[in-house]
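Listed next: structures, encoded as structure tokens.
What follows is subunit A paired twice: with subunit B in the first complex and subunit C in the second.
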Partner chain A sequence: MLTTTIAALLTLGAMSLVWKENIVSRFIEHLILGISLGYGVVLTYRQIFLRLFWVPVTTDFAANWILILPTLIGALWLAQPFQKVRWLSLIPLAMVLGAFSGLGLERIMSSYIIEALEGTVKSLYVAGDLQKSFDHVVIWLGVVCILSYFYFRRIHNPALEKAHEYTRIVGIWWLMASFGVSFGFTVMARAALLIYRIQFLTQDWIGELIKIASGGGM
Partner chain B sequence: MQRNIPLFLVFILGIIYVLLTFIETSWSEGAVRLASSWAPLLSMWAIVPATYVTLASYGRRLTKRDRNPTTQKAILAGVTYVAFFTMLISGLKSNAEGSLFDWMFRNIQIPVTSTMFSLLTFYIASAAYRAFRVSRAHTSLLMVFAVLVMVTNTGMHTYIPFGQYWNEFSTWFLMTGNVAAKRAILIGVAVGMLATNIRIIFGIERSWMGGGA
Partner chain C sequence: MWKKIFTTRVIINTVVLISVVLGVYLPIKITMPLSPEVQNAVHLIENAEPGSTAMISINYAGSSIAETEPIAVALIRLCFLKDVNVIICGFFPEPAQLAEGVISTLGKTYGKKPGEDYLNLGLCYPYDAFILGWGRDYKQQTGSISVGDMVHLDPSEYTDLVTSNPSVESVINSIATTIGEDRYIAAHLLDQHQEELGETVYQLLKEQLETVTRDDWPILQPIDGFGDLLFCADITGTSSYQSWIIWSSDYRDEITYFAGTTAISAPEAYQFLQAEQMISVIPGYRGATEIETYVNNQYQSADLFRKQMEQAGFPKEVIAAYVGGASRGMPSLALVHACILILVLIGNIQYFLNRKKEA
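After this line comes the complex of A and B, so read on.
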């Protein structure tokens, strides 16, 4: 019960931020900063240093000695706080950034662009299924209109200019409708979390306190 | 000169890995796997300067060496220090279920962070109210679709006229109209990512180096 009370008091303290910033909410902010920082360090130590480096190297040195190399290069991050040698900390970052920028090019093309285009332009007409065909045409139109809004400010071709004006307007409206959907889902997700917290306060905490006070046991 | 070394590394590794993705051999696949296994080891040490900078900043408050020193600031900085070291020492000792580290994670971190996320409802509502006060047709459409999604997904559509039709329309829009918008945004984002990756490889994009490079 003590644990639940602590969690409930912290929840109430965090909620008091809605009213206005106060000493309790600031205390909780500082508390959570320290805890999150500690959690991050412990997680990095256990999940990366121990699991990916220390255990493989100490259990089978011959097969995993190469892991010492990235660990030593990665240690150059420790130069970050020192002005004169700060540039050394950019070396491990450059290695990760370079490798993943190179690897990313093909992956972005295949997983994002080609896959999205493939899903959009294929099978506009589905034989025997008018509803599906209509849906595919709607998706195709939506993608074209929104992309024309994203990429073309003005088209210097009289024939296409008028068409672009319309597709651009449809694109904006389409995007706003979609943002509305995302907004609705975001609000719902947050509201669900708030309901869960209120349930915790009213049922798990106050409910239990009432039970104890009325002699219902711990 | 010193700043050219990281730029050179990015360029060389970037070009090598672009080429490797187009070569299908066992050693090229091995090189790709190597990048994935090395990346966490190369990045893990970043937590040390990050922690140092944060603690140094709060340390200045703790010892009242910051711009506007107050006792309240010093006490709050002390709270951060105590919380950090308690979490660190207990976590290094044991992170098993029932340990102090686990207890603090479950009973302090989870309730507080989930409460803070849930409070975003109020901030989203307030931001939305201010945005809708501009009251343009576009924002009205956004509002209409947001309400439609919330009403139909919570089952409240049963209380409004033609509720079943609104529900069907909402489901249809999620499956078609929203998919179209998401795909177009995805394509736009991907083209942006491609451009950024190329800019990084060729040293045009240098913001990652910091210091206004």
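After this line comes the complex of A and C, so read on.
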């Protein structure tokens, strides 16, 4: 019950920020940052350094000595604060960027551009599936109108200019609709976090306190 | 003075707070039917052959647990109720630990055996290598540090050991809880506590550690790569779901993939759904509620689930977190949305009235 009470008080302290910034909320902010960082360092040390390097090497050196090489290269990152040897940190940076680019470039292109294009440029009419056909029309219309809004702002052809007037408006509406969806989802996410804490305060904390006060035991 | 205290910000926050609290206490029940973007995943599990295997990577941490853990619970529950085996993994240190809690709790509740019906691969880092490796036939990988050396130890053997050696219970338990980590760590712990354990127990544990390897686990026997998995899913509070899309792109025809995301990430995830790079998006609380409601209605009511958890010996705080974790918050969520809508309307009316006045 003591830990629940501390957690509840910290929650209330953090929530006091909605009234205005105060010393309690700032203290809790710093506390969370400190704990998260400390926890993260310990967890990373234990799960990455110890588990993936130190214990394998010290337990079975013959099978795992090769791990020393990437670890030493990785350790060159630590040269960053020292002006004279800072260039050494470029070696692991180059290796990481090189490996990531080599492995990832084609896959990122394929996932973010090619497949996304394939998903956009679809037949407007899908036989026997009106819903899908409608979806595809909506996507086409949205893409064309939003592109026209961003990329064709200075057209010097009167007919196209007139058409652009309309597509621009539709494009803005499409954008507003998508921002609205994002906003709705953001409200849902933030509310979910609040609900989680309120449930904790009302049920786990106040509920238990009432039980204890009424002799329900701890 | 009142004007200073009751600023717009304070009023809005108070209204939101009141609606959340009301939602917690008012006896409103909101059930959600499966939305099209969620039902593909649910139907996939429903129509699966009993004994097929799914892989779920859990990548949420404390800051997003409110939305994402209910997705994990609902999804794994459905898998277990349909006899689908589950392999769990995590791409980051903290989620990997949270994953163990979810899978072991539900595994125990449904009487599932670790290694046979479920397996926690623990921290699978670096995740890009892990995903690429699984696609390529992970059994052929030599020197893989992500998948290669994971080991699970049978809890029933530990129970026997603990019963016969109560004085070393904590040491044995600490070794037992290295489930999800690798044999080096377990061996390291074992060596550290050799004297405390005594020769017999030490040898018993050591023998098991040395003889049990990844490939011994029945759950992994029929699996060579993504093609042998029913589906892969990522339940995440970050953009790690996109890592699956990128790094498994070579195997797009083999892999069936979907993601459970926070509500904030969901709009971005829909584009991948549209491009058929995944089959489903489970968006935060709402998605979790849909699956939870469906499972409760079709397979096992919330009361039965609660009873089963009680029988498995879980404390009431754990049961409260798992039973109805998502649908319990829906009334509050609905009220908050209604309040925000009304506030947006009021704001807009005010804006247009002011504009008219200025004109």
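Convention: the second predicted complex is superposed on the first by the 182 of 218 C-alpha atoms of A that agree within 3 Å, B and C clash if a C-alpha of one lies under 4 Å from a C-alpha of the other, contacts with A are read in each partner's own complex, and residues count from 1 in each chain.
Operating definition for what follows: a contact is a pair of C-beta atoms (placed from the backbone, for glycine too) under 8 Å apart; a residue touches a chain by one contact, two chains touch by 3 or more.
Computed from a prediction, not measured in an experiment: that's the story for all the values here.
Contacts of A:Ser133 after superposition on the shared chain: neither subunit B nor subunit C is touched. More residues of subunit A lie in contact with B than with the other chain of the pair subunit B and subunit C. By the touch criterion defined above, A:Val18 lies against subunit B and subunit C together after alignment on the C-alpha atoms of chain A. In the superposition on chain A, contact is made by A:Val55 with subunit C only, not with subunit B.
In the superposed model, A:Gln199 lies in contact with subunit C only, and not with subunit B. Contacts of A:Phe150 after superposition on the shared chain: subunit B is touched, whereas subunit C is not. In the superposed model, A:Ser89 lies in contact with subunit B only, and not with subunit C. When both complexes are aligned on chain A by C-alpha atoms, subunit A residues 18, 39-40, 44, 46, 48, 52, 103-104, 107-108, 112, 116, 119-120, 139, 178, 181, 184-188, 191, 193-194, 196 touch subunit B in the first and subunit C in the second. Interface of subunit B with subunit A (complex): residues 2-3, 5-7, 9-22, 32, 35, 37-49, 51-56, 72, 76-77, 79-88, 91-92, 95, 101, 103-105, 107-109, 111-122, 124-125, 128, 138-139, 141-150, 153-154, 172-191, 193-194, 197-198, 200-201, 208-209.
Contact residues of subunit C toward subunit A in the complex are 9-10, 13, 16-17, 20-21, 23-25, 65-67, 93-94, 96-97, 123, 125, 128, 132, 143, 145, 181-182, 184-185, 187-188, 242, 245-247, 249-250, 252, 262-264, 266-267, 271, 274-277, 283-286, 317, 320, 328-329, 332-333, 336-337, 340. Interface of subunit A with subunit B (complex): residues 3, 6-8, 10-11, 14-15, 17-18, 23, 26-28, 30-42, 44-46, 48-49, 52-53, 67, 70-71, 73-78, 80-81, 87, 89-109, 112-113, 116-117, 119-120, 135, 138-143, 146-147, 150-151, 171-181, 183-188, 190-191, 193-194, 196-197, 200.
Contact residues on subunit A toward subunit C in their complex (touch as defined above): 18-19, 39-40, 43-44, 46-48, 50-52, 55-56, 59-60, 66, 103-104, 107-108, 110-112, 115-116, 118-120, 139, 178, 181-182, 184-189, 191-196, 198-199, 202-204.
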